[in-house]
Amino acid sequence: MTATPIHEPAAEPAPVDDDTSSSQPRRPQTWRSRLRGGRAGTSALVYAVLLVLAIMYIYPFLIQVATSFKTDPEAVSNPLALVPQVWSTAAYERLFLRSDFPIWFRNSVVVTLCVTAGRVFFCSLAGYALARLRFPGRGFVFAALVAVMAVPGVVLLIPRFLVVKQLGIYDTFAGMIIPLLADAAGVFIMKNYFESIPRSVEEAARIDGASTFRIYRSVVLPMARPALITLVILSFQGSWNELAHFIVSAESAELVTLTKGVAQLASGQLGQGSQFPLKLAAAVIMTIPVAVLFFVFQRRIMNSTAGAVKE
Amino acid sequence: MTAPARTTSTATRRPRRSGVRSGEAASGWLFITPVIVLLGLFLVLPVVMAAWVSLSDWTGRGSPFSDDVSFVGGQNYSDLLFGGGLATQDFGTALRNNAWYVVLVVPIQTALSLFLAVMVNRKILRGSSFFRTAFYFPSVTSSVAITVLFLFLFSATGAVNKALSALSVNGPNWFADPRGVVHLGLGAVGVDQAPSALAGSGFLGISAWQWLAGPSVAMCVLILMAVFTTSGTFMLLFLAALQHISDEVDEAALMDGTSNWQRFRYVTLPMLRPTLFTVMTLGLIGTWQVFDQIYTGTQGGPAKTTVTPAYLSYTASFQSQQWGRGAAIAFILFAIIVVMTILQRQAIRGRGGDAT
Amino acid sequence: MTRTNSSRRHRLAGPATIAAAVLALTACGGSGFDDPTPGATADPTTTEEPTSGEDPGLTGEISVLIGSSGDAETDAVSAAVAAWSEQTGVPAEVNVASDLNQQLSQGFAAGDPPDLFYVSTDNLAGWASNGSLLAYGDQLSNVDDFQPSLRENFTYDDQLFCAPKDFSTLALVINTDAWAGAGLGDDDVPTTWDELAAVAATLTTDGQVGLSFGPEYQRIGVFMAQAGGGLVSEDGTTAVADSAENVQALEFVQQLMSDGVVAYPSQIGAGWGGEAFGSGAAAMTIEGNWIIGALRNDFPDTSYQVVELPAGPAGQGTLQFTNCWGIAADSDSQDAARDLVEFLTSTEQQIEFATAFGVMPSVQSAADAFAEQFPEQAAFIASAQFAGGMPTAQGAVDVIADFNAQLEALASSSAQDILGSVQTNLQAALDAQG
């Protein structure tokens, strides 16, 4: 579940700061190198420690990929090896040909795309309204949004099931997608970014006679691309990795998503025994889309830390 | 940011302004309505419904608002907190497990992410973005995928035990070991059974000895997993904060002749207080809600040592069909999170450095 | 200009998003892949039922949810249901649950449960009392054919709620290769606790533990029965969990564990007793009939023999498990479901299931045929004579789950304490149901 921060909305999103570098001239390098670099000895020590830690962080994923290509017995007998003695794609075959994995993948893709598109649309609209438009009750809405962000996700697990059932969208794609479109943190990200855009551009458009929606759509939104991309990334990650909501909002086998399916796999549903290559292959495939997204947008993801933390 | 041009042209533009203004108000409401509807339907309404269910005897069939369902007041809550039966024991066990989880995860992940941030912040040539990527990558993966990975790594014949055996250490059967680590430690110094003072029935149906059992070995794996997946995110928060600390401050401290450690402790750390607060708050909120890893990995076992209130709320409703009790557990958990957050805020503010 | 380009793109973003959302929502409906073949509902000549020649023109659609023990069971049930579907023209679909109880609970709460599903003795009381189940047992044409003890198990409030689908008992399964390899012969089959301990010790080697069974009452309870104990009194109103006999039984198991001749499957790298046995991690296991099918499917090279469990201080004792076919009260196709149940519990079909995944038929008419066809399961049938069932009181299943959680730590706990807590909880549950 995505945890939403309750005290961070006031912080500005870092992309603005990083993209427009500071106007101060750079200080001479000497002080800085003395502050940061230090002597060669400690540098090497720091490097070594970091390297060991980095290996500890990366190695599990390497093992994961390697094991997915091992045979069942070898996975048990030789768990640390990064190169299988006998390369075997049996796990992937079983996954794609003899299980519902393709259905899970399709469902995850559909849900993620819809949730991402929907969140971008609704949150940017609402963020713009809160940032720029004056309407009665604006302050109240703002306060309500802050309050709503304080509710921990776990409390909503069962109640959402009840609401989805009452609305009659239980066990449908609608029931899986629509509740996830509600995202107060996304509204705040967009609002903060819109507030940082100079008003002069909008004023110019207004003088030209553009309607509010026109201003929003043609003038402001294109300038908000960094925040939009942030929102896309966060929504994608959040909905792709969501589990609890998919457990409670659907029950039929055709609506199982990757997270729910792999969780079922892990509790040993596709067969008896600990078939590690199979489970790890599923985990690998599941991780690939978010990994790709991560590596493509690395810099932007790691820069936009304020106000948008995924748990 | 306000363009000076606006004030000078007010006079000529007034009639048009009012038209724009009312259009603006309408647009404003139009723009914000979808989000309001969504949040109202799927955040506010669920909470209200759950509150009703927790105060009723709904058995799970039909609508909770139908005529068959009656109001039973605080009975679900009192069964949980004061009943003394299996419901109370399970709730006490869940609270104990989650409390140990929180107590261990939050400090460790805060300290580790701060440590990583400080390390990576040094201007090591070309390496820092690689390290940032390496440490942050586990945070983008799904908790389900990571749990599956850890189930493999920490299985009885898994990679971790293999590595330990290379050091001639016999690793335990991690996920199947229900022994609490504190009990294990006490057992190593000869305290095997509960001392009579601690053995009687204690708080929430669990004896004091049980409360002190510490996280089980299986829970320790989950703790490791939590630190593994969140330290990257918080490292980035600390990095951003560290980079904002002005160099002048550091230079002033350096000129005063302080050592690295002193500079860190008395200059950097206090300036990191807002971020520390953020990280710990997010950590608290997240650790009290741990669910995905339990559902995927251990389902509460071994011996109920990884049951958490969030998971208990789910199983009570969806497996035992005690919907009222499940909802009550969720609300008690909500209260716990709110109280802890407020307490933490007071603690930070008490030290005189609240920047929010 | 770049701005007009991007604004053009964003101009499409709005409508495109809406279009995407609409498309996605129309993709909803939950009926994805397995479109059941539409049946001819009004033609009486297509409905041929070998065992129940009633109800021409059955209508509706049946969804079946089962908790399968493995591929063998899934395939057998799917084949049987498909055969019935062809004969009657009523579309039917079988789904395997990953967590049967959770999915059924969710289904009942949502008002949209499957039509036909497994119900165990644990759940009967709960679901019957809140109205989720249809009490159709007395309307079956073969109602008198069911074993009386099984009919008992599924009677609640004086109504037979569902038809028992099969039953199993627990017996001792021995790896004959390991047996012979340890120099043991037919005479050495244990008939008392001491002999069991001795044999397990002989069979325990470096890579193999003598005996393995799951850490749950559903296995360890056999020892309690053999010692003369149990969980609930005869009349079902008093809990007798903390009796001296039960303590004796648990302490016997503790002794075996501390001697190293007994281990739980999780401790030897297996998910359940059958896997521990099949993979060779354990030389003996205590399991039920379902192990036959599982071994045949997953471990075909392991040769085994099934013998009755040894007698304890109070004689022989074992546990018996049974499930029934539950029909949801909310189902739209109750008649068709009932017909399907009659088909699935017919004599021939039960023998088919027995062949496929090794369970014992619940109808008396099939008992002799079963004994003839499956001599290797003779021990299971013989054990039925001294088998006891699981407690069926509402709330008992939670108490047993808690008991099982404590049994996982049996090696380092006090048997008296464990049974004491079970006693308290069980008595509370029995009192609560009045």
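Per-chain numbering from 1; labels A, B and C assigned in written order.
Heads up, the rule we're going with is that a residue touches a chain if its C-beta (ideal position, glycine included) is under 8 Å from a C-beta of that chain, and two chains touch if they have at least 3 such contacts.
Fair warning: this is a prediction, and the values are worked out from it, not measured in the lab.
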item: Contact graph of the chains (line, ring, star, complete, other); value: complete
item: Reference chain A; chain at largest CA-centroid distance; value: C
item: Whole-Å gap separating chain B and chain C, where each centre is the average of the chain's CA atoms; value: 37
item: Chain A and chain C, separation of their C-alpha mean positions in angstrom; value: 40
item: Gap in Å, rounded to a whole number, between the CA centres of chain B and chain A; value: 17
item: Numbers and ranges of chain C residues touching at least 2 other chains; value: 99, 106, 109, 111, 269
item: Touching two or more other chains - residues of chain A; value: 76, 248, 267, 274
item: Contacts with two or more other chains, residues of chain B listed in rising order; value: 155, 157, 317-318, 323
item: Chain B - residues contacting chain A, complex; value: 1-3, 5-6, 20-21, 23-29, 31-32, 34-36, 38-39, 41-47, 49-50, 53, 63-64, 116, 119-124, 127, 129-145, 147-153, 155, 157-159, 162-163, 228, 230, 232-233, 236-237, 239-240, 247, 250-251, 254, 260, 277-278, 281-282, 285-286, 288-289, 291-292, 295-297, 299, 309-310, 313-314, 317-318, 323, 326-327, 330-331, 333-334, 337-338, 341, 356
item: List of chain A residues in touch with chain C within their complex; value: 76, 103, 110, 113-114, 117-118, 120-121, 161, 165, 169-175, 177, 217-219, 221-222, 225, 248, 250-255, 264, 267-269, 271-274
item: Chain C - residues contacting chain B, complex; value: 99, 101-102, 105-106, 108-109, 111, 126, 130-132, 264, 266-269, 397-399, 402, 405-406, 408-409, 412, 424-425, 428-429
item: Contact footprint of chain A on chain C as seen in their complex; value: 3, 6-7, 10-11, 13-14, 16-18, 20-21, 24-25, 27-34, 70-71, 95-96, 98-99, 103, 106-107, 109-112, 269-272, 274-275, 279, 294, 298
item: Of all residues in chain B, those that touch chain C in their complex; value: 59-62, 85-86, 89-90, 155-157, 173, 175-176, 178-179, 301-304, 317-321, 323
